[in-house]
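In what follows, subunit A forms one complex with subunit B and a second complex with subunit C.
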Partner chain A sequence: MTYARDVGALARKDLLLQLRAGDTLPAMLIFVVATFVVFHFALPSGSSDLAATGLLWVALVFTALLGLGRAFVPEREQGVLDGLVLAPCDRSAIWLGKAIAMLVFLVAAEVVALPVFALFFHQLPWAAVVGVVLADLGICTVGTFVGAMAVATRARDLLMPLLFLPLAIPLVIGGVGASVVSGPGRYLEFLALYDALFALLCWASFEYVVAE
Partner chain B sequence: MLHARRLGKRFGEKRVLRGVDLDLEHGGFLVVTGPNGSGKTTLLRICAGLARPTEGDLERTATRARIGYLGHEPLVYRELTGLENLDLYGKLYRVPERRERVGMLLERFGLWEARHQRVGAYSRGMTQRLALCRVLLHDPALLVLDEPYTALDAAGAELLDAQLAELRGERTCLVSTHDPARIEPLQTAALGLVA
Partner chain C sequence: MSRRSASGDLPQSLEVGRTYRIPLPALAAFSAVLVTVAAVLVFFVAPNDADQGFSQRIFYFHVSIALTAYACFAAGAWKALVHLWKRDPRADLESYVAVHQGVIFGSLVLMTGSIWAKISWGHWWLWSENQLVLFLVLFLFYAAYFMLRYSVDPGPQRANLSAVYALFGVVLIPVSFLAIRLAQHFIHPIVFTRHGPSFGGWILVTYCVAQVAMLVLAYTLYRVELAGKRLDARLRELKEVLA
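Our next item is the complex of A and B:
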């Protein structure tokens, strides 16, 4: 219960910070909608739905990257990570709170993005939507972890995509697979397994990321 | 409370701290002085548990929950109000009767009226006062204060004098300063570092 309270307090703090800064969610929304508009005109007429579905996943991963790149900005600019690290709560609560806040923003962006995608391209099957939700979990757990690693370095803006994108490849494979095949169960299971495995790894090793 | 033997720290090839010995018993008040670049901040970060020494041994009996650390940064969020910042730390430190304790500290440090303002709107001195509230919030057994008088006006400095005097003998304090005369009456030991 104490751990849940710590995570709740930290997630609430992250949501408040991002809402008050007012930059992450609008940036994500503008980016994802603009990307769909570009893709709409870039794809030749008569292109298959499969190609459009692939582009959906490209847009989602880069939209998430945009948000994740801002995840630890308050801690970096104001040096607050030292304060959180010194607090007696389990340090993984810092990661989990931030991952939850990022998940809220990513889902909020997708609530707008998916209907816009349907408007420009085609309706998404239910399996694709489930795939997006499962992929969001993986993106936020891994992305927040990588963000914490990158924030400690000088080349943080360079390091974040370099570390995150290779780790997101399985999510894209699973998501695209779940979106285009007739029996998506295998791909959805793969995404769930990825989420569980990486959530466990990030939870167990976050302590070493924030400790000197 | 705090014992160090031949403590040292390197960042790559650069040595920032060398051969520091210190003993600080419960209730002690150690003043650390030294010129810029002598390693005061590094020593205090090591003692607070924020950095690891690359040489020597450090023994600290206070757990993380019982350490109050004031660094060069106030360690508060600019987008949150003073009250929200202290409330967050109060939750993380599981401070009993949190709201009363937060209110008492805000009042003592003259921030009660500004409690609903975002820290970004605070002056540097007000932010330092809030940082001091954060440090004292969980009633730490070991206070590690890195140049705590920075940015405080005369009234703020007097408040801090009074607070440190109140804690003397009951809490263990490790304080770095460029103005040792100010806290000389409180000190039980001194450590001078050289660049």
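Our next item is the complex of A and C:
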């Protein structure tokens, strides 16, 4: 169980860093609430609740993007990544630890964002909340992976949304579907399938992103 | 990242290259003949569609180009896997060239699909056309592939990142296809039903010839681009040696 211990240590490092420096999470929170206010004025009065639900998903994806874009920046800037690659642990543990930390941030942001959404717009069905949780898993697995790719390039922040958004389209489709239709079962199944497939792919190929 | 050997001899990569059984000029001539035959069959031999008339003939190009684009993306992912797995030094460039051809054919799918949609349904773009939407997603995905590749310096890191991203593509294709199918239920409840044509006789022959022609054309273009890129790399390395 050294693998689990490595992953735990890496995730704890990120959470501790966040507790001490505390820049990503407040930024995500302020961003998501500001987006809701923008959406309120972007939706003409008389727009259906469905439109607001759709925009909730846009807000969530962009909020995640804000955090994920910075996920590996400290590692690159301080040269930590070289140390982690040399450390006697499986390279995929670096990805998994970071993904877990990002998941904690994203869920923490949503614990505030979803009630605020309910307050500003309308109540969400339970399936939407399950959909958000399942989509979070996919967003964090794929987003962390792509974030590690983006920091290895010269373009960095510029590249992150370009790499991430096409991959996030299926998640948005599944999430919106789960939030708006009456029988959300197969959308939730689809989200779970997405999570499983991409988690496996990320886990298997992360080594090649950090090592030369 | 210099690949020069210590003794100052010619760089190792000069030896790198694949010998193909079919020479390029013969392949080019063959694909020119095939494409001509396909065009003749499509425009003069295949029967008019009872429902859509002459304009339905774009189907032969649209569908065969779409399948060719998938084949290119699959080839790119396969070469990416070979690169990661066997560390074959030729596979990186081959993967890139295959993906590049896939994007070219993918753009053609978007264009031919758009023309067909305009003539059949009066709109240049239809969100209810699953194939078109899927190709738009793939186009965006692979456009980012080029951005990724060209913002990393040439070397093992670039080869690895490109390869991993190309592998993501083949997982994204079925997942997106499934997602777009699912999206139909809440975005467009009315699905256009094209009345099933009897797929036989000249229609089948024409389609098969068009399909083979497009595949051979794509392979020819792949070989041409690969030859060009290899020449480029050789020239650069020779300059380095002489400098």
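Going forward, the second predicted complex is superposed on the first by the 212 of 212 C-alpha atoms of A that agree within 3 Å, B and C clash if a C-alpha of one lies under 4 Å from a C-alpha of the other, contacts with A are read in each partner's own complex, and residues count from 1 in each chain.
One rule holds for everything that comes next: a residue touches a chain if its C-beta (ideal position, glycine included) is under 8 Å from a C-beta of that chain, and two chains touch if they have at least 3 such contacts.
Being a predicted model, the structure only gives us computed values, none of them experimental.
Q: Touch check for A:Thr2: first (subunit B), second (subunit C), both, or neither?
A: In the superposed model, A:Thr2 contacts subunit B only, not subunit C.
Q: Can A:Pro88 be said to touch subunit B (first), subunit C (second), both, or neither?
A: In the superposed model, A:Pro88 contacts subunit B only, not subunit C.
Q: Which partner reaches more residues of subunit A, subunit B or subunit C?
A: Higher number of touched subunit A residues: C.
Q: Of the residues on subunit A, which ones does subunit B touch that subunit C also touches?
A: Common to the two interfaces on subunit A: residues 212.
Q: Enumerate the contact residues on subunit A facing subunit B in the complex.
A: Interface residues on subunit A, with respect to subunit B: 2, 5-6, 9-10, 13, 16-17, 20-21, 74, 77-80, 82-89, 212.
Q: Tell me, which parts of subunit A touch subunit C in their complex?
A: Going by the criterion above, the answer is residues 149, 152-155, 159, 162-163, 165-167, 169-170, 173-174, 176-177, 180-181, 186-187, 190, 193-194, 197-198, 201, 205, 208-209, 211-212.
Q: Under the touch definition given earlier, write down the residues of subunit C that touch subunit A in their complex.
A: Residue list for subunit C touching subunit A: 84, 137-138, 140-141, 143-144, 147-148, 151-153, 155-157, 160-161, 163-165, 167-168, 171-172, 175-176, 178-180, 182-183, 185-186.
Q: What does subunit B use to touch subunit A in their complex?
A: Of all residues in subunit B, those touching subunit A are 48-52, 63-65, 67, 69, 71-80, 84, 88-89, 91-94, 118, 134.
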